[in-house]
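Each of the next two complexes has subunit A plus one more chain, namely subunit B in the first and subunit C in the second.
Let's look at the complex of A and B:
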């Protein structure tokens, strides 16, 4: 049984998130937001958080629970986006239905990839290489296939009277709630998996495949099911992304950076836990957006050579570099910080932020009890 | 019909024949010991009959059906499971969850599986360590978890690969008690063991492997006086003096 009392922290956060859009235009929010940032930008940040939390949760099933490191989830994400978009443009199928077509299709591709890899007993880094190769092949196909717009991608047709069935909305609020609901559904799904036989089997596989096989775990089948489920979720995420940005292009979506961002949230938050990917994605997006806001504009327009040759003090030069990375380098500073964060977590909190916090709380509770007696 | 039967099982690694045409059978309710000097092929034989390796020749039958080429998890579903000499508890799971994974073999539902896991935990004497993680256990604890995981799959036949290795004499005594209880619960067992005290105490019948071949089979008593066995363990010169000390 899930006891609500144990989850009060998450419930409070959830309540806050539900009412947040009502207050984005209030004086208070405008006052605390950095200058030049609107309420809708704030919503955008939260949509990104929910979206990445959802994607991280998708990766969590195969990468976290089953321990099969995929660095190719951007491919499932991209294929999902293209599938529902093509269904929408060419068949007139509502993206609401298209997203499930996309999920079914990516699940099949995921299962196929799993079948090939696991049939030949590819484990650890070898499976990872397959996922990397698969993502790259997917990118190249999308990049050169004229039917799907090749390198130009697809601009979704915008219509003023697009309705609910077109999955197109004017404000950010509808997207905000859709993303929130998707994230909540992914949490519910993973929570269910974690308590089921399937979840225990995946955990067992991650820790020792031979031992799992010996006690009756059909390891190959479980891993294929895990990657199919994970790919299906990533496909759903792809549709959301396509409908939210209204523009899909291979070089923005099916690239290593996206694959890494998807898994980074889970690894930092706590792979194989229920809330870890959510916590991790929130941390990552907060850090990324904060650096963007803080250093915004500072570096734009300055080329690196000018910076190196310029006749200023070392301190100024250093802040110039930071600004360059943040602005001119296309959010490079955020990536740098992700790296630092990852190293810090791996060294200081093995297992992720959430398991670390849980351990701290437990040992705190223990010492508390000792104090009482 | 035998519960389990291996017919002319052969396994080669390149030019080395690790197991050579071994015939082996187990009847319902028996405890069968498998002994042999280091390198005799015991573990290879175990890997072959438990489905982790494919035999090059011969057949392995369980409950009358051939299980050659089946995955270990399939074989486990049919009611035969094994433990590993180098124990493999799931390190990041609690003892309860370790056993639970095994209990899921026949119970899809978490609540029933949990009940089964608790039963096994009591039988094996792990109750006090239920919440410890796999990696936090002592060698004796790990061996018990290994046994409990296998037992939780509700096997008809259990293959135990050196469950006593690395245990202190008092821990060995404890483990023998546990195995006695397992036998009372109606589980047939095959045990590979170096500790002679265990083999002699528990086995109804013993097979002796040497250089990959089954050189002798019989009751513990007949095995200890078999000249071929003594030769295999002690070398030829000892056979001439049957009054000498046995290896332990």
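Let's look at the complex of A and C:
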């Protein structure tokens, strides 16, 4: 039994998130938040946050609990998005059902990938390389397959009278609640995994696969189940993304950058913990939005190419370049900070922010007790 | 009809030589340090940018900055090892991969910040000139890239075979503890290996610069190619590397 008393912090946050859309247009929010971050723009940030948390949570099962580093989750994400979208366009299947078709399909592909990799006993970095290769193959197939729009991708048909069953809404509020519910479901699923026999098996595999095998853990089966479950969740996320953005294209979805972004939240928040991915996604989106607000997205309108080709001396070019950098350069500062965060977490707090905070709190509690006695 | 194949074979062979140099850098780092460098392509990207700015701003032919770039990128590798890689040597592969992934993300974003996301390509007077060989056209810049790369690979091979440091590096690749037992300073060897690996890939970037565009996101493509070559040739086996890129292109 989960004792609610232990989780009051999360419950307060959840209550706040449930009522948040009522207040995003209020004078208070407009006054407190920086300009451009109220109303539907603020909702968009939260939708991104929930979505990131959901995707990170999906990666958490294979990468965190099972300890099998995948850098190819963008492939499951992309296949999920394409599957439900094709079902919707060609078969008229509602994306609400299509997302489960997508989840089933990505689970099968994930299981197949796991079957091949683990059958040949691939471990550690070699499994990672297989996932990288798998994502690249998926990207190339989608990029050259005319039936799915090839490099142009698919623009989802927009209709004014789209209803609930089309998974198309006018405002951002419905997407907000859908993303919130999806995130909550992923937390519940991972919490269940963490407490189940399956979760303990995965934990054992992560600690020492040979030892786990020796005491009778069906390591191969567990790893395949983990990757299938993880891929299924990523497929669901793909459908949500397709319906939310209404546009899917291989070069935006099935690229290394997306695979890395999916694992970033988990690794920074705490891989193999239940709330780690959520905390990580919150940190990442906050950092991203903060840099966007501070540097206004970067870019001053000066084009570097024009500057280089301009007919002035080197010294003038250099001062022009400094002005260009001071104005945010070519942008990309948010990703720069993501990289710094990832390096800092790997070097400074291996295991992630959340376990680190928990340890800090425990050591504080200990020193408090010592002070009392 | 068969000219097409000869054409493909020749240009594949020439590019393959450059890819071999990229892969040699990756193998050197993996072989000696047991670290898979996911930021490998990003160092190549910075090498390409160095050649681009040398010719666009200082009007120096990209090939002439190789003697300067070699020690500079060696020093960069040395520094990156000292600050970032050293703490994770001997840790789990997952930690190492995540660290180099973070580094690659950082370097991509840094390049975007410094050089903008625009694609930069370099127009040289001789950039598109070719000569005829067996009835096919061969580009001079590709031939130059091939010669430079194979020359670098050869120099590296001679270094590994002939010098004490090179022999010590090979000893590290064979057996860490054994190397340590006979008095090889492992940490120093790691620095040398990382510096050399980075220098190799950066030179490959410079050599490729005259016929390949550069953009902040150009790196992962080459990291992937290097992985494929290295896996085909066998990780940590220097000798397997030269034939491998040839099988990759054909």
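As a convention for this text, the second predicted complex is superposed on the first by the 340 of 373 C-alpha atoms of A that agree within 3 Å, B and C clash if a C-alpha of one lies under 4 Å from a C-alpha of the other, contacts with A are read in each partner's own complex, and residues count from 1 in each chain.
Note that a residue touches a chain if its C-beta (ideal position, glycine included) is under 8 Å from a C-beta of that chain, and two chains touch if they have at least 3 such contacts.
Worth saying up front: this structure is predicted, and the values here are computed from it rather than measured.
Between subunit B and subunit C, more residues of subunit A are touched by C. In the superposed model, A:242 lies in contact with neither subunit B nor subunit C.
Once chain A of one complex is fitted onto chain A of the other, the partner contacts of A:193 are absent, as it touches neither subunit B nor subunit C. Applying the stated contact rule after C-alpha superposition, one finds that A:217 touches subunit B and leaves subunit C untouched. In the superposed pair of complexes, A:336 makes contact with subunit C only, with no contact to subunit B.
Of the two partner chains placed by the overlay, neither subunit B nor subunit C lies in contact with A:55. Of the two partner chains placed by superposition, A:231 touches none, neither subunit B nor subunit C. Legend: residue contacts after superposition of the two complexes on their common chain; A:346 is shown touching subunit C, with no touch to subunit B. Looking at the shared chain after the overlay, A:258 reaches neither subunit B nor subunit C. No residue of subunit A lies at the contact with subunit B in one complex and also at the contact with subunit C in the other. Of all the residues in subunit A, the ones that touch subunit C in their complex are 67, 69, 71, 124-125, 128-129, 132-133, 136, 256-257, 260, 263, 267, 298-299, 303-305, 308-309, 314, 317, 325, 328-336, 338-343, 346-347, 350.
Remark: subunit C residues 36, 38, 56-58, 84, 87-88, 92-95, 97-99, 101-118, 120, 216-217, 220, 224, 227-228, 231 touch subunit A in the complex.
Against subunit A, the residues of subunit B that register as touching in their complex are 50, 52, 71-74, 76-77, 81-84, 88-93, 97, 100-102, 104-105, 108, 110, 113, 134, 149-150, 152-153. The touching residues of subunit A, counted against subunit B in their complex, run 195-197, 200-201, 203-204, 207-208, 210-220.
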